[in-house]
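A quick write-up on the structure given underneath.
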Amino acid sequence: MQRLNVALIGQGFMGRAHSNAWGQVAKFFKVPVRPVMHTVFGQETENPQAFAENWGWQHASTDWRSVVNSPEIDLVDLATPNFMHAEPALAAIAAGKPCVTEKPIAATLDEARTMAEAAKKAGVKTFVWFNYRRCPAVALAHRLVGEGKLGDIRHVRATYLQDWADESIPLAWRFEKQWAGSGAHGDLNAHLVDMTRFVTGQEITEVAGAIAETFIKKRKRMTAAADEGDVTVDDTVLFLARFAGGAVASFEAARQATGNQNACGFEINGTKGTLKFNFERMNELQYYDATLPRAVQGWTTIMCTHGADHPYVGNWWPDAHLIGYEHGFVNEAYDICRVLAGEPPVVPIPDFADAYQTQRVLEAALVSAAERRPVAIDEIK
Amino acid sequence: MQRLNVALIGQGFMGRAHSNAWGQVAKFFKVPVRPVMHTVFGQETENPQAFAENWGWQHASTDWRSVVNSPEIDLVDLATPNFMHAEPALAAIAAGKPCVTEKPIAATLDEARTMAEAAKKAGVKTFVWFNYRRCPAVALAHRLVGEGKLGDIRHVRATYLQDWADESIPLAWRFEKQWAGSGAHGDLNAHLVDMTRFVTGQEITEVAGAIAETFIKKRKRMTAAADEGDVTVDDTVLFLARFAGGAVASFEAARQATGNQNACGFEINGTKGTLKFNFERMNELQYYDATLPRAVQGWTTIMCTHGADHPYVGNWWPDAHLIGYEHGFVNEAYDICRVLAGEPPVVPIPDFADAYQTQRVLEAALVSAAERRPVAIDEIK
Amino acid sequence: MQRLNVALIGQGFMGRAHSNAWGQVAKFFKVPVRPVMHTVFGQETENPQAFAENWGWQHASTDWRSVVNSPEIDLVDLATPNFMHAEPALAAIAAGKPCVTEKPIAATLDEARTMAEAAKKAGVKTFVWFNYRRCPAVALAHRLVGEGKLGDIRHVRATYLQDWADESIPLAWRFEKQWAGSGAHGDLNAHLVDMTRFVTGQEITEVAGAIAETFIKKRKRMTAAADEGDVTVDDTVLFLARFAGGAVASFEAARQATGNQNACGFEINGTKGTLKFNFERMNELQYYDATLPRAVQGWTTIMCTHGADHPYVGNWWPDAHLIGYEHGFVNEAYDICRVLAGEPPVVPIPDFADAYQTQRVLEAALVSAAERRPVAIDEIK
Amino acid sequence: MQRLNVALIGQGFMGRAHSNAWGQVAKFFKVPVRPVMHTVFGQETENPQAFAENWGWQHASTDWRSVVNSPEIDLVDLATPNFMHAEPALAAIAAGKPCVTEKPIAATLDEARTMAEAAKKAGVKTFVWFNYRRCPAVALAHRLVGEGKLGDIRHVRATYLQDWADESIPLAWRFEKQWAGSGAHGDLNAHLVDMTRFVTGQEITEVAGAIAETFIKKRKRMTAAADEGDVTVDDTVLFLARFAGGAVASFEAARQATGNQNACGFEINGTKGTLKFNFERMNELQYYDATLPRAVQGWTTIMCTHGADHPYVGNWWPDAHLIGYEHGFVNEAYDICRVLAGEPPVVPIPDFADAYQTQRVLEAALVSAAERRPVAIDEIK
């Protein structure tokens, strides 16, 4: 079987998730190309050699440019912070190599557009790790909407609520605009915009109003406990929007929504039914089928673990033997292999152009919050 | 419209529930006979006059015999403790009057059989306040099983769990065999046996094994705090059983199942589907329809409040404007009026013969626990 | 005991709910004044005499002015459509009589302000039937916030979702601006604004953005099936807002949110905890207590039926013997009796001034949607 | 670091789960000995070479005896059907090697006793893959009971419900007594007996009554579709039991409980609180803390994913980034490494002696069902 030599750039939380994905995918899926964990890049201070040994990467490097340009590397995988996506991605594209990056695609809209344009011009295949699309319940939602099960979509409400960012949390890169681009917005609303575009199959056309708020304006620096620095990103962003098909929508990302550790969810109401999802019960999809006899209508909790009928899970365990967070990455690694082998993915993967579209919506929300006015997505280039 | 003069015997918790039912029924339902709250009986110490004024009874009396025998009374309603059902019920039957009694039908099997036989012989209409049958979700379950939605029934599991009876609770009549007959068993398992017979439409044929246990063996007397008396009834009874159609079953009543305040529920598994109910969410019925396409199968929470399609609720409020505990009694009062007017009830009401059948099963469970052996219901007369 | 002669103006859905409340309150509560169901007003075509007989009103009338001005009437209760609140309310105030009206307080902001000013000037006690405040779970939420259980409030999200208004529903008064003032907004967002102000104890200071949308623009007239008329109110209104204490908020009312029959709810995140409520499980309050040891933190479902510790329910049934929709009205009737007797209500009741404040927020949202800009509540008079 | 050469005997569903565990454990945990996936055994027809390549085993063999006896092997891991546990386990013990086997420990009580005695005599460390103990929620339940959070335990109810075994399923080894020992009982009740002993810390002393039933008595042979064979094991076993501390209990295993794909759960009521678990939401533990102020008591859903406070999960992902079925095996592999390195496991692992104790309870239930009488566990040797 053809081999696919992967290079991983970055070794934080996402570096672990990607390493696991490349290590697991061929064990559970019949891959059309066999990914090889070739090289991992890390800063010297990060000790990439130890990381490589732990996760099974054959080589470690502290020079990402040489890794990206190495003739042995077939796919460049970026698990770096947002501000470090554009440069290596453009290098990979320049080298004519497929590239997959963490989400959001970049820290700024300019970078996102440049990346999308470069990929298009070079004709290089690109991917973004919007891994929640590959949660079987979300993929099933996409399918059911595609089959017309919801009728006309009227309402979308999407919230991604977390609660880890209280006063005790120091000033990590995620709280500074120069590294992160934005706060909860780019981290969490990015998933919501991607997921709702994916599930509805529709584009967002306007942000009708928005609020961005930073509750905790100063945090201790990570280096010296006594010193404080300014938080320059949002703690929360809420916005109202409209979809191309006429639906109205609300979005909310938050990091201080006490009790919600990872409540990434949506509810989509159509004229024939409704779908509801919350990642905290990621194996389940809620479906209200308004076409059933009224006496037995209700909210149905679909346990999305039936191999023969639900996406991806047939490669894992028997019915109701749940899968977890990292499986979305493994499922996406499988689909990346398929696309690189010329086969269609199980459900669509966003490429840089698609992720740029998500980024435009996110930017529109920030503009709307700052300028206190509605913003059409067409305004945002 | 024809009037129905009701006499209420008893004025405790159940006396309040019945008074409310007779007062509300004609406001919400088109009754074929109009119930009149004629007379309430209470002990002198209970001040029946004040009770009558509060609830709208026209008269109060401290002589139940004269009330039962009064030519003005058309229906005798018993809300007394279990040991005080048989005597007034038999008096009502002797007087040729319809009679409705609280559950369980009586404190002993002998009394239950005597009451059922007397009613049959006299040709008098009788009823028992197994009010949970008239919870719309339970009535809907009965209907769905009747329509064949479950296929062949394989499993029944029924639990009625409460947690009020810790050490602080004194020795009320409910803890003494001479007044109550049994403890959690007659109070709670009585509902479960009635409900599962009602929903499945099948008789129980055998108790295969049972445990009766009293965790707290002495309680303070209600009269003098320093004095303790023996608890002579069970705190909990569990039993295994078989239904006529081949299903296996488990039952459990408990008063110290911490966290369960009123968890009266069942799950019934058939070859085509499952129904599940818990009174703590009494407006909801859980239905798993295994005949739907597998991709969208799941547990459906039916909010049983849709007037046009769910029993009784069309007489109350709009969709999802919930009803509560007392509505089951009002619904049953309506059905009693219907039966007395010669019309069929919305769903079947148990009469004394039917409640005697439930009592036989309860007795079989006690015999099984005491004699540590399986007991066929046919043994119990 | 002092008697309180009540006159009810109106006899639709709300007329039934109010009649039930006045009939039930003294049976379950120790009222300090005893309400007497004196007179009901209805149009001749509505047959108020039959309504009076059914519900136990002593008199019926087709002349509301004479009812309001009758010296026998002590309290005027308005259960009419929104556009018919102001005139009788002002008449009651002019007659120096306490007055309670359905929500929203009026069809227009002008009417609401006029009513509030008239009541203030006359020194008349007024009330509004924002009955959800008296749902025990909501009253408990108010108490817990008052005790500081949530810490600083950061987020409020409130949605009232229904799904009854599909194409088949004809052009009732609720769909015409001249009668209803607004659509889902006044009907549903009114509850949300009232409840969140009540639970948080804070005022809303700004609407930051809003969407109002009418999906179904024409409906069949009720009179002639072939004829269609314009829907002149919203089907849905979403808006973003800020509370005085710094919290950000989102609100949404909808009538076509398939699967949500009466999902009136909120989630309020504070620095120490979160509270969550959904009327479809109205006996339950969700509480996340972030001050507990982390190992046992979680979402706690409080069954708000414990008489000794939860508001109102001690007057109803034992623990977990649920109450329903209409009980909120009975609870409010009790509190009205208390206030009229000079006693404090169990939890605060909105008067006309308070309801006018809610109306200002609702108006601000409509202005924001129409003019596509943020609107400070101070702008709205 | 010291290496631990593992040999895996068997390569079905459990073979995959074990292979995954040995492959993942050192990536996520700091293991005190490093497991090496040395050799996998399979029948020739199973193609162990392909299995080895897929999962990363260094060698494959079709001769289990030589594998077990190879001086290179440090740990023998049995993933074979129940009837194939005893022989290789005894061989491993005879060779003085630690051995871990799938559950139930053996197909017959005799085998189980022989295995436990042999291990004891040889002083060999043994383990059983009762993997649900290592589900963080179950391990947390064990801890909370150990801390006295439940007070005195009064009730245990445990059900393991599945629904895969309808008429369409052919006569696999699981349906024949000679291979499986029993049906749902050994497969599912084994987990329940192990888990409830583990969580309560108490032994079961008596089976008070039992039902074993086979609904589908004949199934198509796997070899020839036209031919049918007898099902010689149970489809369902229910039994009542008593724990040493006085608690009463019910157990139920079923394979035709429609709608329950993998509902392995328990509820344990104590005088101070209750714990409830269902594997279908395996990341969650339900806790009712009856020592909290009554106003805020309720069922708390603990998301058991907080690394600092919940067992095992700190080695996986951030809060509420769920783990799945296979993680229990990885967690157990970690604890096996700890025990073999002389360190205590995070929570106790059952050895053969402990699993034999579970087997005695299972046997008592079968005897009780067959002989229709209570059976003390002391009877069963």
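For reference, chains read A, B, C and D in written order, and residue numbers begin at 1 within each chain.
Please note the rule applied: a contact is a pair of C-beta atoms (placed from the backbone, for glycine too) under 8 Å apart; a residue touches a chain by one contact, two chains touch by 3 or more.
This structure is a prediction, so every number in the text was calculated from the model and none was measured.
When each chain is reduced to the average of its Cα atoms, D sits farthest from chain C. Among the pairs A-B and B-C, the greater number of C-beta contacts is found at B-C.
Distance from the chain A centre to the chain B centre is 54 Å, each centre being the mean of its Cα atoms. Centre-to-centre, using mean CA coordinates, chain B is 41 Å away from chain D.
A separation of 36 Å divides the Cα centre of chain B from that of chain C. Multi-chain contact residues of chain C (touching two or more other chains) are listed as 299, 303, 306. Residue ranges on chain C touching chain B, taken from their complex, read 13, 17, 19-20, 23, 26-27, 54-56, 164, 261-263, 279-283, 303, 305-306, 316-327. The touching residues of chain B, when paired with chain D in their complex, are 154-155, 157, 159, 161, 163, 166, 208-211, 213, 215, 236, 238-240, 242, 246, 248, 250, 252, 254, 256-260, 267, 269-274, 288, 290, 299, 368, 372-374.
Residues of chain A that touch chain B in their complex: 140, 144, 287, 289, 293-303, 306, 308-310.
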